Amino acid sequence: MASLLSQLKDDIRFSEGLSACMNCGICTAVCPAAAYFDYDPRRICQLVQTGDEQDLENLLKGEEIWMCGQCLSCKARCPRGNVPGYLIQALRKLSQQSGHFIHSREGRKQIRLKRRIGHSILETGYCVHPQMVEPETHPEQGPVWVWALEQGADLYRRCGSNYYGEGEGGLRKMAPGVLDELEAIFEETGGLRFWEAIERGAEELKLNTEP
Amino acid sequence: MPKPDFGFAFAPNRALDLSAPLLPEVQVVLEAEPSIRACMACGQCAAVCTAGAFTPLAFYRLVLELRGGDVAAVGERARHCMLCGKCQMTCPRGVNIRNAVLLMAALAPPKP
Amino acid sequence: MLGFMFALVVLLLRYLWWLRSLWRRPSSRLLSRMFSKHSLLAVREIFAEGLLHLRIYKRNRRLGFMHMSLALGWFMMIVGGKFETWFHSGQFLHGTWYAVFFRYFEPQTAGGWAGRFWLHYMDLGLLLVLTGLTLAIMKRIRKRILGIHSSTRHTLVNRVALTFLWMIFPLRLVAEALTFGQHGGGGFLTGSLGRCCFSSGMLAGLELPLWWAYSLSLGAFFVVLPFSRYLHIPTEMALIFLRHWGLRAAEDLQPEKALQAFEIHACSACGLCLDVCPAIKDHPFQSAYFLRALRSGKGWESLASTCLSCGACEEACPINLGLEKLRTAARGKIHEKHHAVYSYLPTVAPVETSRVDVLLFTGCMGRMKPATTKALKDLFEEAGLTWVHLDEQESICCGRPLALAGRASEAGALREFNRNLIQGQQARMLVTTCPICLKQFRDDYGLELPVYHHSEMLWYCLRAGRLKREKGTACFSYHDPCELGRKSACYQAPRELLQSCGTLLPLEREQADALCCGNSLGALSLSLSERQALTSRTLKVLEVPGAACVVTACPLCQHNLARQSRLPVRDLAEVLAVTGLPEQHGQRTAALAAVQEL
Amino acid sequence: MNASEYLPNDEVAIIGGGPAGMQTALALSERGFSVRIYEQKEQLGGHLKGWHHLFPHGVAASDLLGQLKEQVLARAVPLHLGQSVDRLQKVGAGWALWQGERPLGRAGVVVLANGFALFDARRKEEYGYGLYPSVLTAADLEAVFRKEQPWPFGSDRMAPQVGFVHCVGSRDLKCGSPHCSKLCCVTAVKQAMAVKSLFPEAQVYCFYMDLRMHGLEYEELYRKAQVDYGVRFIRGRLSEAAPGQGKRLHVKAEDTLQGRPLHLQLDMLVLMSGMVPAFLLEQQERAVFLKEPVFGSGFVPVQGLLAAGSVVQQEGLFASGACKGPATLPEVFADASAVAREVEQYLKSLKAVGHA
Amino acid sequence: MTPLLWKDYQKEVPDNHYFFVRSCIRQTFFPGAEAALLDILRNSLGLDVFEDRRHTTCTGIAYHCDLVPLETIMTVIARQLSLMTEAGYRHLLVSCVTSFGIYLEMLDMWQHHPEMLEQTREALWKSTRRSFELPVALVHTSDLVYHLRKPIADRSPHRLVDKSTQRALRVVDHVGCHYAKIFPAGGFGGAEFPSVLSGLAETFGGEMVDYPERRHCCGFGFRHYLLQENRGYSLSNSRIKFESMEAFAPDLILTNCPGCNMFLDRWQYTLAEMSGKTYDREGKGIPVLSHEELAALMLGRDPWTLGLQMHQVQLEPLLDKIGIAYQARQKYSMLAGAASLPGEPSVLKVSFQ
């Protein structure tokens, strides 16, 4: 089994994301996650930079790497051209591939996300679409959204959308074959294998929780 | 329409606000032991700290947090110091750490 | 007369106030001691110290004599006056004014030789006081004459009291002399002075006013006495009694209560604490001033937290005031809001081990001096001793630093931890390389096994022949750590050890007079530069010609001296481990022999 | 020695009339060479002209400059003011100096002493220099000290909040300046103290990454700033400045020692603009061009460690002072005499050749 | 060459012939916006904008939730490009800022790591028998609207001015993080002072207001919004922005990112409900518009066909200020006829009769 560090190094986003950090803290200063969570991208760069396997494993098993909101504001500012946001991508991928993600509360949520967003891609060709945004789980969408969904096609068509209809336009139903192409791409490029890794984690969790 | 239960809440910005003036009790400490100002956070104190081997006590951090106005936390942590004075012996800036710690510990809410 | 009464009343009131706590619950011990030989011992001490001032005398002849002549002379006059009036008037009880003015009322007192004896006796007393006075005045003008470098600076009320005191006796002299000059008679001093200077009739008119001036200044002195440092005269006596009756000073600061109050007011500001203080030139925190601050209740805080607690002043104090205890009490008062929390400490269960000779405890500071520890272990080997290094991994502070900051009460958890380390260990003795720990272990741990400083322990080995050293050419100057010397009275062991392998050079100030290295844990708010100034002063004493290295026996002193010293600064153990080893000597002789042959 | 020993074309042209140029000129003319100074501005002095007082002892810059000028005048060094050389043409062993198409003169040896440029702080857009009036550079602040510029905040502000940002355009790959300008740290400390002594009530912050107090007494200055002046040093690079309430600025950084983001309202933000090359040296067969520097172009390269100032690949072309990289005034002065010695060696060798 | 100053950086934008790709979020929450944009481009300006019904999501949202490997998203992007190539276009017009960032990133990686481009070509061929050319121009719809701001403004009956007082309306902009923070050269004005929205607003006569947290992220946070219990992150970061802009009393928030547009609208409602606070003076919230919506309004398109009734913060106050006529009755009536009305929030004011 290759070391975590070497696995990280295989991910191009790692080499793109972290050459040498000088600890100036500019990333943390602009980081919206740092403004909300007890989170410090600079610290993560430091940790990874030291390359200690144990530290890395703890990182992959921990909550921290899941705090980043991927706004990539850090990329604009780093005087060394590092991108903590990319580094996070690499870490999260490894955490899921290696199964470490199930050890953290935030990590486990990936299972839910995968089944929701991931599957939606292959089923509809969209990451999100109106019917996914159920008012029950999206109270912040407000009364207007409840109303919009009630109106459904009427409202959307009035605004020039093709609301789940055949043919062109916004929210159209995907043409035959399109979803197969998407699936083929996921198959070919390891997307599906990656999802299997996430599901394996889910399995493991079930086993662990069984009495 | 009634207010819905959103299932999440907002939190204030975690960022320290340096514009906020130093708390009076912090000023008292800084005036009672002026050498605190000389701290350059080199970490020597933490390196030699006797208590540091058992609990996350690091004087230079106390100084930073004191400036940040987190007096309760500073006081609580300062109480862990054993006053052995190793840090003071090695501090390159000659901060009177023991006196500073005594003053900081007094910031903690009185013990029941 | 009135003045005297006034003084008496005020004194009584103050004393009663100080002793208030005792009335509430008078300890039987106190009462039992009150009517026993202890009181007599007290009286003796009052004589020795209150009148003769023997301790001061021992330290400084001239100063001692000054105090003695003042006190004794005056005492003679008071007692003498009493007897004289009794003798002449036949009745014992008079108003105090009678004795005072006696000479004025009865210039011509016959009474044959006895009368003349009293005359001369009184003059002798007066003479004694006057000489003392002269010395005192000289002391004010030129300290050196009395062999001291610094004398206390006084507050206004004290100056007033001083002036009155100084006026009393010359006035009496002149008044008496005048009386005798007019009416004839008088003793060897006053009489002769009267005859040669004051016989002319024109001066007759001055007689009464002079006597009044004399009595007034006397009265005035008594009026200010309870508010001036001269309060020490009666208070010292009271203190001595109370001490002998077994009263002890409290741990916490209460300057208006019980023994502490008497101690604080018994200080005569004799100034002996000034000269011995290592910081006299830079800081006014010497005990004389500290106590004065306590009396006034103003400014004692800074004096308490800058003082080094080196113990020199306590050593020098002629009336044995518990100054160290007072200081720590004061610091405790300053930081009374500080509470320590050591709940994070792991709980160590006492471990049973096979029997060893020595439990070695190097302490916090010891961690920073691995060379000392190694050297000591080599010496253990050499002496064939088995040992366990208690705090080889992690050391927990012994608690003394907290005590020095006046927070001894907070150190409980630390003591508990170390006690658990020690308990169950089967050993003959506990040896520590740190005098600070030494003091704490000895005084506050109540361990069942004996506690030694490594110097003591090595000295035993030397005497027992388990260590053999041969005198070499090395010359050392030895620095007495405060905590080891003055605080633990261990002067001989280190010296014997150094003498065994080399030559110990005499120093201008050593043993009980040794200077503090400047790094004392006692001082809380002394700045680095001030500490460094003290250190360089101490080094001046230590860096004597011929010294190859400065030796000390405290990791703290060593660390601090080494930073500034020209000479190498070593711990005893380090020196002993490599100096004067017999085989070295053997090699040396062999080499010499070889040279002879050629 | 006297100059007559040397070839006729042994005159030395010094490009740049700043401290480096003047000191080099002096060192050479003391050695008996005829030197002339070409300065693009109308007076001598370079950056020193704009400075108020100098670290670490607070000597008035004008005094130092005055002394230098006096000596230069005393030695009657010919000055070509307002002439900026942009091309050197090899002529025999010597050089012809050009400004565009205009010939400026000839010289046996040319010494480049045209120093450095201050990093254009506008390029760190996130700090809004040139956009928000209360954002200054260190140089601007010196001008304020010299009363040539007003304070950016109203006179009613007795307790202004002031921030100094270290490493602006230094140690910054994105700005094409990877080097450390090494003077900014101590300059910031000097200026922070100056501000504090002008406004004792002010709150002054320095945002640093490392405090590189390399010079004698610099570290001591840093300690004084902390203890005696109460300047606060925050380890973290400023991320951005934005307009806050009123004329104030809203800045963000991380206190990296605490690992927490922080923000702050400031009345004045001072950017410690680093030292960057003033020109790009383009070397050709028998010509050298002094061009405008491009993104990431470096300082003048010299040959090996033993050479103080002989420019790589160019016979008879030397460089003195900060055009070779960030340098303090004492370093520049020391360098000047070292370069002078090297020029002398070079001219001697020429003579030897000439005789043979 | 003088050193680059992003501030006055202008992006090359072709005038015509675009291959259009939609945005999941935009078409979900603001269907009228994309429709209006195409209508403006095609009908008002007569441009050739082609859309292939076979194009899909870029999977960017899933990618930034770390649910899709790099190779996969690269190939999905490649597929979109193959559709473009097939249709004979070389100019890509992207509606979504997240997608825009993704496209930029992929092109950049392919440029720096040609081997990855080859792998992608291979993977795409294997899986779909498709091949593709790289686009000559990658343009976000806001880029195009900015580029065409003059012709649009010329055709516009309205301006961003208070009709009654002639006061220029105060506009704060929020540019999506992925528009220029990842690749400053990809957007107008670079990362720190993108001019793509401010330029637009100023062209329409609005007054741009710079506010402290202008560059702060709206707080989408991808996974954080998509997980209900994590939405506090999203909400709190938007709140930072509202608090920062409140002091400047803006009349309008202008965005170019569908996500930001939705959040800055919905979070005002949520914050009002949670804390009782709104960031305008009347408790109606600050209206939020995207660049297309603004352009369409200026050009006099009907607000309700534009779908502005799908905003939670109501637009009428703004429309009234500008003086845009609208039929209140039409607002909630559907093709099928009159419809039910949406519920009323308890704090945020939504009806002004």
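So that you can tell them apart, the chains are marked A, B, C, D and E in the order they are listed, and the count of residues begins at 1 in each.
In the analysis below, a residue touches a chain if its C-beta (ideal position, glycine included) is under 8 Å from a C-beta of that chain, and two chains touch if they have at least 3 such contacts.
The structure presented is a predicted model; accordingly, all values stated were derived computationally and were not measured.
The set of chains in contact with chain A as well as chain B comprises D, E. The greatest centre-to-centre distance from chain C, using averaged C-alpha positions, is reached by E. Work out the mean CA point of chain A and of chain E, and you get 21 Å between them.
Centre-to-centre spacing of chain A and chain C amounts to 76 Å, using the average Cα coordinate of each chain.
The distance from the centre of chain B to the centre of chain D, with each centre set as the mean of the Cα atoms, comes to 41 Å.
The set of chain B residues touching two or more other chains comprises 1, 4, 6-7, 11, 13-15, 35. Multi-chain contact residues of chain E (touching two or more other chains): 191-192, 215, 228, 230-232, 235-236, 240, 270, 343-345. Those residues of chain A in touch with two or more other chains are numbered 30, 34-37, 140, 143.
You'll find the chains touch as A-B, A-D, A-E, B-C, B-D, B-E, D-E. Interface residues of chain B facing chain E in the complex, by the touch rule stated above, are 1-4, 6-13.
Across the complex, chain C meets chain B through its residues 305, 335, 337-342, 344-346, 364-365, 367-368, 394-397, 401-402, 405, 407, 414, 519, 521, 524-529, 531, 556, 559-560. Residue ranges of chain A in contact with chain B, taken from their complex: 34-38, 139-140, 143.
The residues of chain E lying in touch with chain D in their complex are 1-7, 190-193, 210-215, 244, 247. Across the interface of their complex, chain A is touched by residues 1, 4-7, 11, 13-15 of chain B.
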